[in-house]
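Given below, in the form of structure tokens, are the structures.
Each of the next two complexes has subunit A plus one other chain: subunit B in the first, subunit C in the second.
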Partner chain A sequence: MWEKIKKGIEVRTGLGELIKKKQHEYQVPKDTNIFYTLGIIALVAYMIQAVTGYFLLIYYIPHSDHAFRSIQDIMNTVPFGWLIRMVHIVVSSLMVIIILLHLISLFIMGSYKKPRELTWLAGGCLLLVVLMFCLSGYLLPWSQRSYWATTIATNMPTAFPVIGDFIAKGLRGGDYISGITLTRFFAIHVAFLPPLFLLLIGLHVFLVTRIGLSTPAFSKSAEDEKPWTEYRPVSHTNSYPFYPHFVLKEAFMITAFLAVTFFLISFMPTLFIPEAANTPADPFKTPAHIKPEWYFLAPYQMLKLIPNKFFGITLQLILVVILLLWPFFDTKKERNILKRPVLLSVFLLLLAMWIILTVWGRIS
Partner chain B sequence: MRYPIFLAGLIILIILALAFSTMAGFREVFEKEFLSKPWEVQLSEESACIGCHTSDIMRSEFQEIPQEWRKSWHYQNNVSCHDCHGGDREDATMSMSHQRGFVGTPKYTEVPDFCGKCHIGILKNYLKSGHGMAAATSKKGPNCVTCHGSHNIQKANIDIINERLCTQCHSYERAKIMKQALFVTENQIKDVDKGLVYLQSKGLYIENEKKELFRTQAEFHTLFHAIDVQLVQDSTDEFTKRLNILEGEIKDTFDEIDFRQNFSAFLMLVFAGLGITIFLYSKTYMD
Partner chain C sequence: MKRRSFLSLSLAILGSTALATLVYPLVRFLAPPEAKTLADKLSIKKDDILPGEAKKIQFGNTPAIVINIYGKGYIALSQVCTHLGCLVEYDKEKKQLVCPCHAGVFNLEGHVVSGPPPKPLPTLPLKVEGEHIIIG
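The block that comes next holds the complex of A and B.
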């Protein structure tokens, strides 16, 4: 019966033949490493977030009077609701880690250079969208931690003169976090950001497929050296078909990612849900030592250290713009970062600063 | 060609921005009216009482009151100045108006009624007790603040019955017998409380159990204020039964935590196993 249906669809669409052809046609450099699979892991992570998000939507109530209670019901009354929510929470943080690692590895391997500038730009924008997902989703449980961490995060734009207060007020829908902020953040989280993410990921995957995967800068094989004056798919000196070789590598990494997710849920369940996350939001009580989530700790600590807030936030924006447009600034042909000591030093310095600021923000 | 496109884009942007800003203003008013009622109250930190009491115009001993209150059990449970002393916390000029219910500092003899506005059951038992009767007849007997203090009031437990405090008025012997009668139930309350705090830290919803414990604890402490050892001993069984039910529920929840841990560990092993299989398969495929 199943075979009959399959054949019927195949005869009418030729889909199987198309997939088979494309998978064999698409060539991947033989010496790709596991870092090349981070992109697909990020995509799988997004799909997990979407599916778990749909289930959470069934029971979640986006109202300041009911949000916390509905989350508690999901955790304790809904069968396996705890698993769905825990996966949603853990994968959100892991997704940020995966995209950051993806970005860092591509930078080190020089994979952003011509003709892949737009692929990098789309990837950078995806990171920003994921951070917006995290920020907007963080408030939804309406706990003490989410309430006060969002207070801090929405306070950050006030460092801008003239428009700062307007932005902060626009985000909150008033002078402080209220039920209005919750409905705004909910709308952003479930209706505005998902199509934006899909648009960007579509562009990113399209570009990766059209141009082809880059060869690692440190490998023996190489891409063709012809100048990019017109479009052509990249050709590698030493490659194999995408399926099954690279697909198996990706499948292995996806299972490893899922194993890590369930390891964290099983053995470190409170890593991403501290006690303040289990107390309902109370605008009357500011908890001690409240901090933004780990991925916002570095910019938060930086703002605390720089006496002029406007300078601090402008510096951060400039850094973000440089990061996004870096492939257009760095037009040198050399892809191997080890042969570019100045770039390597600046990169390591910035990475070290980010780590130090994050740890400092955590312990201060 | 570029210039007109840029100009058209700019005009559209300005129109949209203007339209959005006017809409936003209307929406803000609408939302403030209808959606944000539970959260629109001012923060308690900004109350008129605290504003004055922390300023330099206040005598230094009065300036310490907000600090003491912030350390108290009342503060932790959102009981603010005006809840006890009355007055208008939002209007500095009317904050001490008797028309707005301001009662100020009660006289020593008025203290039981002052606290008893909220602690009704305790007041009833206290008035019947030796403490209450002594206070009523001699006007010097112990009242609420003698044992609990005034602004820095802490969560009550049996440590409040101690030699230093009790011997201010009488020998410690009778108080010691009372403390012993309370000991077992009080410890069970502490254990249940510890269990609930642990469960909350693990992300479990224990609001109903917390309310039940609060009720049990409050009733038990109310009983104590009668200063009747026999009454406490007679009622201990009833409280133990209620606390045992709570302990049973806590145990079930601990089992649930174990199940969650084991289930996600099982999923972890499934994916780890799947990963190893794919890895081995990919090796043979490459060969």
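The block that comes next holds the complex of A and C.
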């Protein structure tokens, strides 16, 4: 019976044949490592976030009088509500880690170079959208941390004269964070950001499949022998089909990712939920030693150290723009970072600074 | 101008105008609603704030603090840090106002002592009438 249905669909759509052909046609360099699977893990993480998000919507009430209570109910009253929310919280942080690792590994492997500049740019924009997801998401529980982290974030545009106040007020829907801000952020989180993310991921995946996976910079490659003056898909000299070889590698890494997720939920449930996240928002009391999420600790510490607000925020914006447009600045042909000591030193210095600022932000 | 270019230009102008007419209602839609001011004057008893003590109030929509400074009398300041909007807390021992978010420090007159705040805390108008402090 099942076979009959399958055959019926196949006769009418040719879908199976298409998938089979594409998966076998698409060649992957044999020396790809596990870092090449980080992209698919980020996509799986997004799908998990979407599904858990839909379930949370059933019980969550986006109103300042009820939001905190509804989150408490999800955690304590709704059967397995805690599981859905914990997966949503843990995967949001892991997703940031995965995308950061993806960017760092691509940087080290020189995979952003011509003709993959746009792939890098789309990936960088995806990181920004994920951070916007995180920021808009953590106002929703209407806790002390939600309230004050959003106060800081929505005040950042005020560093810029003329338009700064207008943007800040537009984001908040007033002078201060209120119920209006909550509904705005809720709309951004569940309605505006998902299509933007899907658009960017669509562009990213399109470019990856159209051009082909890059060969690691440390291996022999026929990729750069001919100059990229016109479009051509990459032809790898030493490759295997995407299916089953690379798919198996991806399946292994996705399983590892899920294992880490459930390990954190089971054994370190409070890792991403500090005390201030369990206290209802109080617009008249900023909690002492309030800290942002770990991925915002470095910019937080930078703002503490730089005495000028305009300079502090502008510097961070400039760094983000450089990161996004880096492939257009670095036009040298050499992809192996080990053969470029200056670039390697600057990269390691920036990475070390980011780690130091993050740790400093946490303990200060 | 060729007929084809004229048509393309006209189409571009008409298209931009149609888009521009959508921008205004969208901006108005997103602009924050007018805030309702809760009070333009606020009265508190002098006895409520002993010398060296402070009392938090809400003036209009602004969280504020009234401090009774030794030998100088009362002062009312906005509690909203001028850096990124967190609320400063009164530190009685150090006679300072400290922001818990980015460690901005103000003196009891609202002037910046250290840290990243770009300007002093706004002072609210205050006068003492008999046994009451009138803010606003």
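Convention: the second predicted complex is superposed on the first by the 360 of 364 C-alpha atoms of A that agree within 3 Å, B and C clash if a C-alpha of one lies under 4 Å from a C-alpha of the other, contacts with A are read in each partner's own complex, and residues count from 1 in each chain.
As a working rule, a residue touches a chain if its C-beta (ideal position, glycine included) is under 8 Å from a C-beta of that chain, and two chains touch if they have at least 3 such contacts.
What you see is a predicted model; the values in this text were computed from it and never measured.
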| item | value |
| --- | --- |
| Clash or fit, subunit B versus subunit C on superposed subunit A | clash |
| First, second, both or neither for A:T151, with subunit B first and subunit C second | second |
| Touched partner set for A:P307, first subunit B, second subunit C, both or neither | second |
| Partner chain in contact with A:L135 - subunit B first, subunit C second, else both or neither | neither |
| First (subunit B), second (subunit C), both or neither touched by A:D65 | first |
| More subunit A residues in contact [subunit B versus subunit C] | B |
| First, second, both or neither for A:F284, with subunit B first and subunit C second | both |
| Partner chain(s) touched by A:G174 [first = subunit B, second = subunit C, both, neither] | both |
| Touching partner for A:L43 - first (subunit B), second (subunit C), both, neither | neither |
| Stretch of subunit B, among 23-31, 113-121, 239-247 or 275-283, that runs into subunit C once the two complexes are superposed | 23-31 |
| Doubly contacted subunit A residues - partners subunit C and subunit B | 170, 173-174, 176, 180, 283-285 |
| Touch list for subunit C against partner subunit A, complex | 30-33, 35, 56, 58, 61, 63, 83-89, 99-103, 115-118 |
| List of subunit A residues in touch with subunit C within their complex | 148, 151-152, 154-156, 158, 169-170, 172-176, 180, 283-290, 300, 303-304, 306-310, 312 |
| Contacting residues of subunit A [partner subunit B, same complex] | 64-65, 72-73, 75-77, 82-83, 86, 170, 173-174, 176-180, 183, 244-245, 248-249, 251-252, 255-256, 258-259, 262-263, 265-267, 269-270, 273-275, 277-279, 282-285 |
| Complex interface listing, subunit B residues touching subunit A | 24, 28, 31-32, 35-36, 38-40, 43-45, 78, 200-205, 207, 260-265, 267-268, 271-272, 274-275, 278-279, 281-282, 285-286 |
